[in-house]
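Below is one structure; the comments refer to it alone.
To keep things simple, chains are lettered A, B, C and D as they appear, and every chain counts its residues starting from 1.
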Amino acid sequence: MVEQVNFNHSAGVPIDERVLQAMEPYFRKFYGNPSSVHSAGQQSAKAIENARVQVSQLIAADSKDRIIFTSGATEANNLALQGFAYRHRRNGNHIIISQMEHLSIINTVKFLSKQGFEYNQVKVDQYGVIDTQALQKAITDQTIIISIQHGNKEVGTIQPIAKISKIANDAAIPLHVDAVASAGQIPIDVTKMGISMLSLSSNDLYGPKGVGALFTKRGISIQPILLGGGQEYGIRSGSENVAGIVGMGAAAEIAQQQLEKNATHLRGLRDNLIKGVLNKVDEAYLNGHPKNRLPNNANIRFAFIEGESITLHLSLHGFLVATSSACTSKTLAPSHCLLSMGVSEAEAHGALQLTLGRENTLNQVDRFIEVLPPIITKLRAMSPLSKDVPYDLFEDEEHDHEHSHEHD
Amino acid sequence: MYTQKVIEHFTTPRNMGEMEDADAIGKVGNPVCGDLIWIYIKVKDDVITDITFKTFGCAAAIATSSMITELTKGKTLKEAYQITRNDVAENLEGLPPIKMHCSNLAADGLHKAIEEYLEKTGRTIDDIK
Amino acid sequence: MVEQVNFNHSAGVPIDERVLQAMEPYFRKFYGNPSSVHSAGQQSAKAIENARVQVSQLIAADSKDRIIFTSGATEANNLALQGFAYRHRRNGNHIIISQMEHLSIINTVKFLSKQGFEYNQVKVDQYGVIDTQALQKAITDQTIIISIQHGNKEVGTIQPIAKISKIANDAAIPLHVDAVASAGQIPIDVTKMGISMLSLSSNDLYGPKGVGALFTKRGISIQPILLGGGQEYGIRSGSENVAGIVGMGAAAEIAQQQLEKNATHLRGLRDNLIKGVLNKVDEAYLNGHPKNRLPNNANIRFAFIEGESITLHLSLHGFLVATSSACTSKTLAPSHCLLSMGVSEAEAHGALQLTLGRENTLNQVDRFIEVLPPIITKLRAMSPLSKDVPYDLFEDEEHDHEHSHEHD
Amino acid sequence: MYTQKVIEHFTTPRNMGEMEDADAIGKVGNPVCGDLIWIYIKVKDDVITDITFKTFGCAAAIATSSMITELTKGKTLKEAYQITRNDVAENLEGLPPIKMHCSNLAADGLHKAIEEYLEKTGRTIDDIK
């Protein structure tokens, strides 16, 4: 069998062995409830506090700030927005996000908009970078919170958080940052960056799935979503996932210690990957910002062919990669990020999303650059589209494909 | 998620390519939706003597295109017109539910090619049914 | 060091080794996102569907019903009540629960009561059994949902769900059952029992913490709390905790297979424990129902002394047990269950909550019965309270203890 | 969560028990709140010559009761009255934050016993301060 190479870390990251080892005692031995007075419970409580410190250090949080452990990034984002919006409703009902946000932000503000809130989605440029002037203009006297992601997992673009935070702080509006894709990849300093809330995911730090965290700066108050026993400062009830939290803490510590080393390694791979592919394949384009991008992300669009068929060929060569093609999503809807960046729906189908991990090697990248071009050639030979028969020939045509589907 | 049969037709598609002297071409789909299938046919005495395809689309779109050409070659127009979406899916030993629409598309392409051919020869499908 | 004996399974259960083994591949190998098309992702997706089947079998759910995986029982209870209440608001705004519910139910309905809902807490008798007549009377034409727990983790009482479900079904009101403490202990058949929604916790089945599930019967629609990528039928977004879900599935399967065997073992230990303690110690009383109680639960109240001091002595002998004493809770508030059952606040302080687990032995129970009586004797010798100086002497006194605290 | 010192005073409390011929008893707390402390004192020439306690309560309540008797024995009423909650907690090498109120209670019990004694002898605390 061919070697399996994972270039699809956006869909899941293998847990670091050291993290798993740190977790194990909390499955078998210290399974006590942190609220109980017994030594096993006390040990769990200590371990959780230790994990809080480990996570705060990754983002340079102050000891007066809070790290609230959740079941993942989705819950952290929901807690940040729902929790803040409901608590501060009296101050206004307007929320600002961007077009590049993850669905756990977009669908949360859509949900809130049914509860009397309103929102703006600030537009982005062709690289997916937020239009800060548009952000400035979107602010009203009703705006209570701004939520902008740090890095985009799909296209790799990093937002100018310093600029964004200045705009927010000048208007005295708290800034929530979804740092799920950037944490551990690039440095984060919530204090220097002027961030009031920040969401993290454990798995993206090579920790276990099913854990995440919301940072809230001292003085920021939010309302709980999950009510119950009052765990996590009363803001997130439920018996603590002790092993999971310990794992996230350990993962955060490793991520922080190795940040520079990992980022350098990944940037090297990424740049080779991008250069190699763009050199060897015609009509291939980089999606996302050419410079301000996550160290582990390469997103490349291939004209005239569809992404799922590329990924399937690649997987037969052992390479696991993702595509932004709508064909692989549950809803068959194209990536809202690419569309926001001005990529057409048709072109978006041909985008490959390559997300590297610590364990990837230059060798694997070199092999990928060998394997990919013949696949592209083969699929292009099969496609009715080409420079002579471009996508836009079809723009006005009736979508009979969907029709036939409906009549089925 | 795909059957072995789908993978096989996807990796080594049958009857792939443009047909320069096609008697008719059935063009269906739209790149906006992620699938575009062109079915080329050559017809003699109302028998499909040759058939090829070009497809922009996912693995299911490619495999169903390939399969429909295999099912069709040598059939009369009438027989070919009766090939259904289900025939395609069944001969591929199944498609994931979310991909069923792709098998529709290949069958639609074939039907459209036949209709186009009939139109050229001044007939409709009822004339040969 | 003395052998550590855990009689405090209500505060956490050690994970079953077989469960941990089932989980391990999903940490290291099949960490793919179940929504992705790759084999690793497909393997995860299959594993999750398998876990759904395992969990449904534990509660005899139909394949048309849904098992929605959550981050735990607290989330399952919140999702059931918030999700149902918001979705069916048009039909009414009244919710019925009981006095015995867990805080994740009580605090959720309290929260909902700030959003325009109303609730009744049906009273219970001295054994903690719901007054079904009171339940019947509590129903109004505004009642949209009834939520009653199956078993109580603290005092062990099992509710007459069949009767309760008949009342609910006669009134055409869906019944939610919190089966966190009963699942795996006693048989559950959601279909026969006429249950519309049911909450489960993984850890209570000897699975990992941080996972739970909500069963919803076919046709029951609820609104999501966590918005995002649309996982779990669109009702619970967030990348799936694959290893955790696999663990919960494996735990459910083992729990189902061994249910009779484990229950028999635990009932034997429990009955010996209760008989032994009540025989040897004066002025000791069983809390909860004498017969209809969870196989693993013994809750015994000792007059004139306080629970935390008992548990600390016991822990020095290696026994980990819990107390319902307010002194061990974060809020210093006494157990609302005991109070509802008519136990006075003063008496509640002396209650020991003994929750047994599969790994406990008769030998450990025998040793406990030896160790406990001298501890009780010692603490009673220390206490100013006795038959001659009973609690109620103090009922009307000023609470100067709290006063001095306030002036601090 | 408890220091070794707390555990030691809890398991082998000093000066535990009723004092039949006490000169005064300071009764504080309430079983409803989970703590009840009775401090018995014997006084000679304004010196506490003997002191015992009886306590219903948690480990912290018992350990602080024991500690306060140890701190007090042989002290003058004036000295004893100056013993604070912090003295008790410090001598126990700390108490968990949530248990700090228990150390209040033991000190309150001692103070109440002294006040009661003074009242019996027709004085107030200011008379000896």
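Operating definition for what follows: a contact is a pair of C-beta atoms (placed from the backbone, for glycine too) under 8 Å apart; a residue touches a chain by one contact, two chains touch by 3 or more.
This is a predicted model, so every value here is computed, not measured.
Asks: Quick check on the contact graph: shortest path length from chain B to chain C, in steps?
Replies: 2
Asks: Taking each chain's centre as the mean position of its Cα atoms, how many Å separate chain A from chain D?
Replies: The answer is 59 Å.
Asks: How many angstrom lie between the CA centroids of chain B and chain D, rounded to a whole number?
Replies: Here chain B and chain D have centroids separated by 94 Å.
Asks: Taking each chain's centre as its mean C-alpha position, how far apart are chain C and chain D in Å?
Replies: About 40 Å separates the centre of chain C from that of chain D.
Asks: Cα centroid separation between chain A and chain C, in whole Å?
Replies: 35
Asks: Going by the contact rule already set, what residues in chain B reach two or more other chains?
Replies: none
Asks: Could you tell me which residues belong to chain A and also touch two or more other chains?
Replies: 37, 308, 312, 328, 330
Asks: By the document's touch definition, which label belongs to this structure's chain graph: line, ring, star, complete, or other?
Replies: Shape of the chain contacts: a line, open at both ends.
Asks: Please list, in label order, each pair of chains that touches.
Replies: The list of touching pairs comes to A-B, A-C, C-D.
Asks: Taking the complex as given, what residues does chain A use to touch chain C?
Replies: 6, 8, 11-15, 20, 27-29, 31-33, 35-41, 44, 70-75, 77-78, 102-104, 107-108, 110-111, 201, 203, 208-211, 224-230, 237-244, 308, 311-312, 315, 320, 322, 328-331
Asks: Which residues of chain B touch chain A in the complex?
Replies: 2, 7, 10-11, 13, 16-17, 27-38, 54-59, 61-62, 85, 98, 101, 104-105, 108
Asks: Which residues of chain A touch chain B in their complex?
Replies: Residues 304-306, 308-309, 312-313, 316, 325-328, 330, 332, 334, 344-346, 349, 381-385, 391, 394-395, 397, 399-402, 404-405, 408.
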